[in-house]
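Have a look at this one.
Chain lettering (A, B and C) follows the sequence in which the chains are written, and residue indices restart at 1 in each chain.
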């Protein structure tokens, strides 16, 4: 058993920009050299989140609509009184969707469904440089 | 430290069918032979999700109502334009609830609350054959 | 590789009381003696949940409003017919937000963002004594 950690870095456009990071996470798993284990995907930030989805424009658009309805950016947010950066809706959305995802793998491959991708969502209201931590914990089975 | 992986298989009726998989996950933990560690419960699919709940009909019904309200199946979804399978609401619900759950265990027993069960939700709009991956990572303490 | 488990204990006021447990989780990580790994934060209960947020009154208030709107305590819940304890809204909120969070750490420090804290939410409708399980899985790198 051992641990392998990597950091993904990329740019987003903010405003619920949705990035498919499946390929990069799968690469970190291969780089680890482990045959089986778990990949923890974690966003170090309070206005971004991770989950999985079928990554196609329709489903992404539908998910954005859901968040627009339950956390409308046009409303008043108490958070905005503190910092004046107008991203109160970003914080509640990120807290709801959550910053961590755990995906098991076997034979060096993530155990995702055929139509299931790992999704990073940047809920902040501006373009950002983002980091995502991918920490792989696993073992070589020598198979 | 080591890893033990199993796949649960079962039928659902779809349409937010909610299945209590606690007993099966607990069995995988016992089968692992580990005394302590974590059980990662993961849905390989983009229209299903896992969480915990007090598994009783009232709470399940209340949870279904919440999803019916925030992601109403009767509305239009962009995803439905792509595939015509009418399950756009299923995708956004699954992305929101999330595909992974991590439950620690000690002395071979999951550290769940007394009234807390592990819940698989099939948000798809048809009956399905489903798989859930349970990956146990742990150690024998020899206690 | 090894495992270190601890239980946090604290009082809440219920009613979406939100507790910052970052410092306590970080202490468990240091107590583990591991340099790198993951900390699994798990609520053993069906009316509480964990996530991360920028822990400041405005954002907490905004998150409470979101839950008040999507799971209004003043409405009827089927769960309340069973037990008569009036916390049906607590159960659906907790199931939606989820009981588990996985945070990676390196060099004995949680890889959280600068403005990101670990949040425990007690959705129950009364003051409670609560336990949170923190299970650390990691390794010493001797660095």
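For the reader, a short list of remarks on this structure follows.
Keep this in mind: a residue touches a chain if its C-beta (ideal position, glycine included) is under 8 Å from a C-beta of that chain, and two chains touch if they have at least 3 such contacts.
Values in this document were obtained by computation on a predicted structure and should not be read as measured data.
One copy, chain A, sits rotated relative to the other, chain B; on C-alpha atoms the angle is 120 degrees to the nearest 5. Under half of the residue numbers at the chain A-chain C interface are used by both copies of the sequence. Measuring from the averaged C-alpha position of chain A to that of chain C gives a distance of 19 Å. For chain B, residues that reach two or more other chains under the stated contact definition are 1, 70, 96, 98, 102, 137. Chain contact summary for the complex, chain A toward chain B: residues 1, 36-38, 51-54, 56-59, 61-63, 66, 69-70, 96-98, 101-104, 106, 111-113, 115-117, 119, 137-139. Within the complex formed with chain B, the residues of chain C that make contact are 1-3, 5, 40, 42-46, 70-71, 77-82, 88-89, 91-92, 94-96, 98-100, 102, 133, 135, 137.
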